[in-house]
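Naming follows writing order (A, B and C), and every chain is counted from residue 1.
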């Protein structure tokens, strides 16, 4: 328990530091957001709704609106104001270009869920299938099943997901017409938690999810298989065999459960990356999500959005690591060990 | 404080305590910790040991798990920092030497080279992905950098020859997993011996081997001991091994229980007529080979009063052995007997002295004294 | 080399009859034979001790009894199991997978070298029990009640042990828990392979006592495999000595230990270090244990045998013994051995030195 409390403290400190870093990047980077914005406003005041030759106060107001840092105040006031807005109000400034005057936080919240949804489906399917297949393959090492699956997995794993995506799109979307060719949900259905809409969301996500799953499931399966094979000779596996346990039981409770331990941490840490999604996938399927948002913001130098996304994704990684640490003892009972030190 | 006539190791009032703490607890200042009550009780793994090991001497240390023998061993060769007391190498305190690097003309490096170790599990002690030659050259490269590779090879092959790993050319390029357990243990022994140390700590080195192989290995150790005049600190829970390794050179044996030495003396004498009840129980537990004797032993009652193993986190009062001791009386639960010489040799038990008030104290067990058939 | 079965009288109730059990596997260097056509009968209810050095085939023999030799080993021969006196035997090496899964653990149980790693580190001890119950169609609740009884017989606190993970238990507790797991279905045959290896002295002693008691109480047939003679000396009714993947001596324990006839057995007794004997009397058996790929011709012990002659180099020798005794030895010259090779002083009646 004390180990976990330590980790919480560490996580909180890290998050705090991330946001502080964001503040300084905004403010102090040469050519960074504040400087650039200031310059741009003076050069193109009309884009910002200001008269030509604007007054310094007006410029500062505009900057503050977008970046959330009052420009002329002393640094500790700026710092306090920025942090306060971030943590208490979740305000990260406003988008300049991508969606002018839209609150960055709102913007992220609009796009993120779609990406998270897609990535999560892909991840869960890939993981579950991968784990089951991986353990069975390990248990039947060398059999035709094992060899066949390995070959399949290597082949599918070697295909870049966007190739698979294009292929699926062409074949099942355009040629056969079984799946929609773009979009996130049925445009005719009313948005909301009604059955029709929800079903259409899943329907529209099918092809993108499938592209990820088909090309991705092999990785976790092969990883788990390798780990499991290492454990095959273990005394406890042999003991389980001697006790007459079924293949399935051994493969899951005795092999997979132990083999998954190193993989679990990787998975959970990767949770933080789910929100990033994939630009390419979103473009192929016209599936507006975080990927597209970040892309747009990046090309068009929409700093507030970029900074906001940076902060959010970093924090999510920290949360992901924290969840990994908290859940690891649930699957590995040996993990809740205190350090024994000399007095 | 010269190093010439001093014993190799002088251990004085050694104590090693362990506590379970988290990183944050450690980082917090002492005052706040006390306020919050974050001061856990330390476990005293080693609780007051005094020992001397001279040159060319073998000391057997007998103890079970939890007795602190491994911790004592590590502290003796400088791998474990003492909490209290000191460990001196040829008169120089090891911890001080480590910090200052040089004291008078003794260097920390010299002490480090002079104190080596052989562990119980050779499979774990040898690098699985290095050939024997590569593994064995490593210490040589560190300590004798001025020699050439050919020199190293020569030395190593000579040791192979000496230790029965022949034909030597075949063993050079082998990997540890290609050797049998006995051969692996020879390699770890060679590795320790290559540096011609003053003392080798051997922590249960033959416990994992067959009787025949253990004898072979112990014979080899004795041969090498003879040639190089190295001292051994031989840790074991097996009385027979302890006897074998020390008896032929007239060595001593120390019996450890819960962090302290409870009996110390010449190995033949102690094992023939043990004075401390714990040593007697150990002797009782050593099964004989004669089928009738063995059967008798098996059918007899256990002389221990309780089956519970001692808990180092919550040690008993008085004499640590009293809850299990078949000869325990009330006085044993009150006051702990020191390790002192009785009629025979040093024993930490009141029974050593015929005139001690122990003999007038009440038995702890209603049934009175239990016999230890030995 | 094939050996005659030990003498079986009509009234003897055998629980296991092993015939020509052989285990081979192919290595890069050649074909290794790690068990060499062993034939032996195990009587119901006896304690059968098996002695030998590492790598002599004794553990493999234990595995054969459950058809549990690890891949890529190939087992041939017959292992006839008689579930009850007078019942029809079943060849364990020849049953279906399903039958094998039933026989394993319900009829025959093997507890391997010190239980230190026999438990799955991520599940509780209770889970091990319930998994086993599921695999054998036993109701979990009933099973756990029985488990608690057995754990108590082994002097363990049932609740604490059941809810522990293996890393929370000491070596002795783990070994006893594993024994409890083995006894849970009241098996006919229990095979113990070095059950005390790696454990502290007092813990070893306690486990031996427990085993002795439990055998009386539960009444199973016990096969006790060890490389340490004292472990089996007090227990065993009969003793078999393994060398080079064969049984080279077998008989009642008193015969084999007090009057060993095979040179190897005699020399082996000398490797025991007694607390009372003179250290010079301790001896090892000179030479190396045989390589399974390259077993010596004739009698496999001849390279290390002090009394071997030309006949021993050339001719194979089978277990033979006098009529009317159970004591068999695979040697041409047991009398010479008895004359010329000393045995351990503690085994000599009256303590006289055997010249």
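In this section, a contact is a pair of C-beta atoms (placed from the backbone, for glycine too) under 8 Å apart; a residue touches a chain by one contact, two chains touch by 3 or more.
Treat the numbers as computed from the prediction; the structure is a model and nothing was measured.
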Intersection of contact partners for subunit A and subunit B: C
Taking each chain's C-alpha mean as its centre, the one farthest from subunit B: A
Pair exhibiting more inter-chain C-beta contacts, A-C or B-C: B-C
Separation of subunit A from subunit B, taking each centre as the mean of its C-alpha atoms, in whole Å: 54
Centroid spacing, where centroids are CA-atom means, of subunit A and subunit C in whole angstrom: 57
Interchain centroid distance [CA atoms averaged], subunit B/subunit C, Å: 32
Where subunit A touches two or more other chains, by residue: none
Subunit A contact footprint on subunit C (complex, rising order): 66, 68, 70, 100-102, 104-106, 109-110, 112, 116-124, 127, 131-132, 134-136, 165, 167, 178, 181
Complex contacts: residues of subunit B adjacent to subunit C: 64-65, 180-181, 207-213, 215-216, 219, 237-241, 243-244, 247-248, 271-272, 281-299, 302, 304, 307, 309
Residue numbers on subunit A that touch subunit C, as the complex places them: 234-236, 238-246, 249, 253-254, 257-258, 261, 331-334
Partner subunit B, residues of subunit C touching it in the complex: 53-55, 155, 170-172, 197-198, 200-206, 208-209, 212, 227-231, 233-236, 253-254, 257-258, 268-269, 271-276, 279, 282-285, 344, 346-347
